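Can you read through this structure? Questions will come right after.
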Amino acid sequence: MSAAKTATKRYAMTVDTRQCVGCKACVLACKAENAVPDGFCRQWIVEEIRGEFPKLSAEIRSERCNHCTDAPCVKNCPTGASHVNEGGVVLVTHHKCSGCKACIAACPYDARFVHPEGYVDKCTFCLHRVQKGLQPACVGVCPTGTLTFGDASDPESAVSAQLRERSSKVNHPESGAGPNVHFLV
Amino acid sequence: MATSRREFIQIGGAGLGAAALGSGLTTKWWGLDPDVVHDPGTDGDQVIPTFCELCFWKCGVLAHVKDGRVTKLVGNPEHPLSRGRLCPRGTGGTGLLYDPDRLKKPLLRKSTKRGGQDFEEVSWEKALDFTAEKLLKIKKECGPDKVALFSHGFGGSFFKHLLFAYGSGNVTAPSYGQCRGPREVGFNLTYGASLGSPEVLDIAHSRCLTLIGSHLGENMHNTQVQDFAQMIAKGGELVVVDPRFSTAAGKARYWLPIRPGTDMALLLAWIHVILGEGLYDRDYVEKNAIGLEELRAHVADKTPEWAFTETTIPASTIVETARFIAGARPASLIHPGRHVTWYGDDVQRSRAIAILNALLGSWGRRGGIFVPTQLNVPKYPVPDYAEKPKTTQDAPDGVVYPFAEEVLSHGVCDATVPGRIMTKGCPVKGWIVYGSNLLQALPQRKNVEEAIQKLDLLVAIDVLPAEIVGYADVVLPEATYLERWDDVAPVPWSEPFLAIRQQVVPPMYESKPGWWIAKELANRLDLGQYFPWESGEQMVTDRLKAGGYDVEKLKAKGVVKGAPVPVRTDEGLELAFHTPSKKIELYSKQMADAGLPPLPPWTRHEQPADGQFRLLFGRTPTHTFGRTTNNRFLSEVYSENEVWLNAKAAKEQGLVHGEIVTLLNQDGVRSQPVKLKVTQRIRPDCVFVVHGYGHTNPGLKFAAGRGMDDQTLVTRIAVDPVAGTTGMSVNFVTIEKAPGTTAAAAKAEA
Amino acid sequence: MNALLEATTTRTNPGIDPSLHIWGWEIVVYLFLGGLVAGIFVLAAALELKSGEKPRGTALRLMPIVALGLISVGMGALWLDLAHRLWAWRFYLFFHATSPMSWGAWILVLIYPVGLLLGLGSMNDEQRAWLRGKTPGALRGLLTTLFGWADGRRRGILVTSVAMGVALGIYTGLLLGTMPSRILWNSAVLGPLFLASGISTGAALLLLLPLEESERKTLVRWDAVAIVAELVLIALMLLGFATSGEVGQWAASQFLGGPYTAVFFSCVVVLGLLVPLVMEAIEAKRHLPFATILPVLILTGGLALRWILLTAGQHSAFRFLP
């Protein structure tokens, strides 16, 4: 039953919609950690309220780039700036980017944006921190413990446990891109 | 055609060369053109621990400093209140530190009338001399108790000390009379202890948490929200009583959209059901409480059916939720709330909540209310205050509320206007305002402005040009929490700990730390002996050393913890109640003796007429009311408040989502223009705004003019007869399209 | 949108929210010029393949070189669109087979030698002598070699030119068409549509030149075919949208009753396609040449088509659907 841990990591994130209160600590911590320019954000909060007073239901989600397994942004990049790095994390090498924005048009989740310095930017799963054994900034700051990050190919990881134990969904699965941010419902 | 060998080699060579080149194009030149994991470089060369001051929770933070600049603030994993995590405001501290609108130099008023916004920049010397001169004059002519300190924020301790040394006990904060006061009084009367801040609640272990108006999740008090989330993760359930579908309501098992003003009916009906069906913790109540039979008799007629007529919550729901709440006892907590100054019977409502908690057996128990512990730090040796500081409360003909444990801010305000509440002797002549924007905090703005004009001295000590600063005679710019040493004060909590606030970066501009300002004033007031330390740092380190604490370790880690102490019965805590009877007083003889109802009475409050809406206000997670609304970093995710209006009501009024409206209250006061949020998330008889917007001080270059100030519409208050606190959710508004908009013109034409 | 859904987001990224605005007039200009140039390549080469003779008119002979000038202007517009312009050379250190934009970058480079050889080979003796005169002495030998290649491998060059023209004309449509996140671009028809439009606008530009009667007749006939192809492809595109579920129906509705209906049908379908088609039919039957008005309508229609599709596509994010 337990699969052997594969040599290739598959980083993924789970977002527990039961816990998330939409406080935006993640949004701001990410901005602080990654020096995201004013007016831009790499992650955001979506709040959906359904129903009619007084029969209402709510779902709150903390969203960012999904680091898709079959990322259309990477497929469409003409310079190789958009690439898949360690653990399946999709990154942009700044000095290879020409700013053609094909990746922005290709992204089903509109997760990317043009950085004022000219290259295209987005969430990096804080790989620079992960490689040092730290958590991504959003995961570390979240006061409600909504965010979990780890190696989904490792059955012992917290992320794998959550995906086993809880029902989850991804955003717009019909994109076919294979997103790796899962929303626990 | 025969190709020569040379041609073959040429073509072959060219082909291979092209293939090599081509494969380089697809292999990123075999590692010669590697991809990069960019490091944003925000990690500091130094990481200095301190604690936050964006709100009043005091979460431990680690400040990263690089090249003399704070690059980011993260949670201190050692700190029991932040546990390494921060609410959005904590991260936003850099937005305060580097706010270009910060007060930079001391100012003296030039305009003849206070509020004229005309100041001249002066030296500290001149500003402090001016202040001291005026204070000495007031002391000589009227007495030191005619100076009051309004203080909100941890750094105010130096000014409290100064004022006590000066001879006044009039130290107050709107956070009592306009916020938490009734809750503290209600719980003091019942249990002999108040909730404090941070509230001593064991939410993480609750099996059922009932929120009466509290909107945790929009209220981002860090630890409490962390515990709230842990509770949910462990399967704990929520009962949310709120006219608005708050974030918490979205996670609740039961959402009761109660008619505003009727919470008491619901609480009494719940007590009725719980007692009637025997769903209370018999052993606990028998052992620890008195007055059960009086309570039973009191709620005999408070049936769910009756409560429905007042609250609009169906009787069956009231019964079901009563059973649900009680079923989770003793780990069933009725949250006491925080801002509870609503309708004027707020102490009684807090009493009802305290009583209900007692019936559930939650006080002192796991998942309920714990009895805090704290470390001790010896006081710095200073001379005794010359006399017991006098307060306006001691004034013979002022109104005195014997159960109020703190001075009431609006009381001081009233005592400033001759003849308003006192007719003998001098009125209050001087206000020192530390970090408290009285104009947005106190209700009945006209009264506040009138009082301000009557003063001999108004000193504002602040970081940003809040509205009150614009009315001051002298403005003293304080350094932010990241630029100063503050005193050390252990926080009562579930584990004993001590945190320090130390300077992370030097003060910017000409701002100074509070300890310095207070000491300089003391020297000029001939009170230097009360401030014998050379610096805030020296004072604190001396105190810590005297207490046997490792100062260097504390400076490095920011926190020191003590040995665990039982705070709940399951940890070995022995319950003790500091009431006259030494028991939980369900029936309050103290109140009866003071001529006040000893059990919470039901009062039907006035409801808005047709077409009117009750004005409700609350929080948003990214901000601490007006304190952070100029913070450009925090404002990136929320920059302006909106008025929430029920969709059906909006349709009836011909209003659409996103249009600009103004609110007009029952006394004819009109709000600033504000955006309308048409939503299903609120009852049709009330509207909701986030408090703290509608700034008018032009010095707040980002916040000025954004949104509306709800406090200007609080012209009607309901004074609580028990504690004297001011209920403020008693104003009704009508909504009009903002004049000057095309929508208004169209309507006018129609 | 579900009426009983209130959805809010805190993201307000410039250029992304509330809807995409990353490609503007620069891309419209490039798409137009690119299609035009593709058409010129295809038509110039096809005319010669059909007739077996070099072009008669002087202007027509020079069109491949002029086309290189036009595509350079187009590339200039593309370069202006780049957000990180000084790193544009990065296109040429990499080839990504799954990226239509990468294909396009390389096509835009390869089109120069092909166009040069096509153009040099089309020149008559007078033009060649003039060019030789203008060439500095050191390069005259190279020029002679080039003329040699251009003439010696004429058929190969003509076929390659047609292929390059088709590639140039089709890849931009493929680029947009393979972005499923933008609903209005998500059609396999977009590639052929852009090619057909390119051929038509190319023909229109050529029709503005002084031409031999037979050349003109052929171009008018071929343009009519291209226009009919465009009309069929547009119909297929709308039909494809309308029959592919709720998402597609929304896409189709944008042009059938929605915000783009009026401008699309007036500027593109009627003025850009139907009216020219009718004019060409009349011209074929009655031998009445519509000298200037016909090409202008076609060119305007081609520009409008690209502008509308680029704008509407960016406003049709897939994520807007609940």
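Labels for the chains are A, B and C, by order of writing; each one numbers its residues from 1.
One rule holds for everything that comes next: contacts are C-beta pairs under 8 Å (C-beta built on N, C-alpha and C of every residue); 3 or more make two chains touch, one makes a residue touch a chain.
This structure is a prediction, so every number in the text was calculated from the model and none was measured.
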### Message
Looking at chain pairs B-C and A-B, which one is connected by more C-beta pairs in contact?
### Response
A-B
### Query
Which one of the chains is closest to the middle, using the mean of its C-alpha atoms?
A
### Query
Rounded to the nearest whole Å, what is the centre-to-centre distance of chain A and chain C, using the mean of the C-alpha atoms as each centre?
37
### Gap in Å, rounded to a whole number, between the CA centres of chain C and chain B
62
### Task
Indicate the whole-number Å distance between the mean C-alpha point of chain A and the mean C-alpha point of chain B.
33
### Per-residue multi-chain contacts in chain A, two or more chains
24, 27, 39, 41, 45, 49, 51-52, 80, 95-96
## Note on the structure
Listed in rising order, chain C residues that touch 2 or more other chains are 4, 6, 10, 93-94, 96
### Task
Mark out which residues of chain B touch at least two other chains, giving numbers and ranges.
28, 33, 637-638, 679-681
#### Entry: List of chain C residues in touch with chain B within their complex
4, 6, 10, 93-97
## Note on the structure
Given the complex, residues on chain C that touch chain A span 2, 4-17, 20, 22-23, 81-85, 87-88, 90-91, 93-94, 96, 98-102, 104-105, 175-176, 178-182, 314, 317-319, 321
### Query
Tell me, which parts of chain A touch chain B in their complex?
16, 18-19, 21-25, 27-29, 31-35, 38-39, 41, 45, 49, 51-54, 56-60, 80, 83, 85-86, 91, 93-96, 124, 127-128, 131, 137, 140-146
### Task
Please give the residue numbers of chain B that touch chain A in the complex, ascending.
28, 33, 35-42, 71-75, 84-88, 90-92, 94, 216-218, 220, 222, 225-226, 228-230, 232-233, 245, 247-251, 255, 257, 621-622, 632-634, 636-638, 646-648, 679-684
### Message
Using the touch definition from the top, list the residues of chain A that touch chain C in their complex.
### Response
24, 27, 39-41, 44-52, 72, 75-81, 95-102, 104-110, 112-114, 117-120, 171-172, 175-176
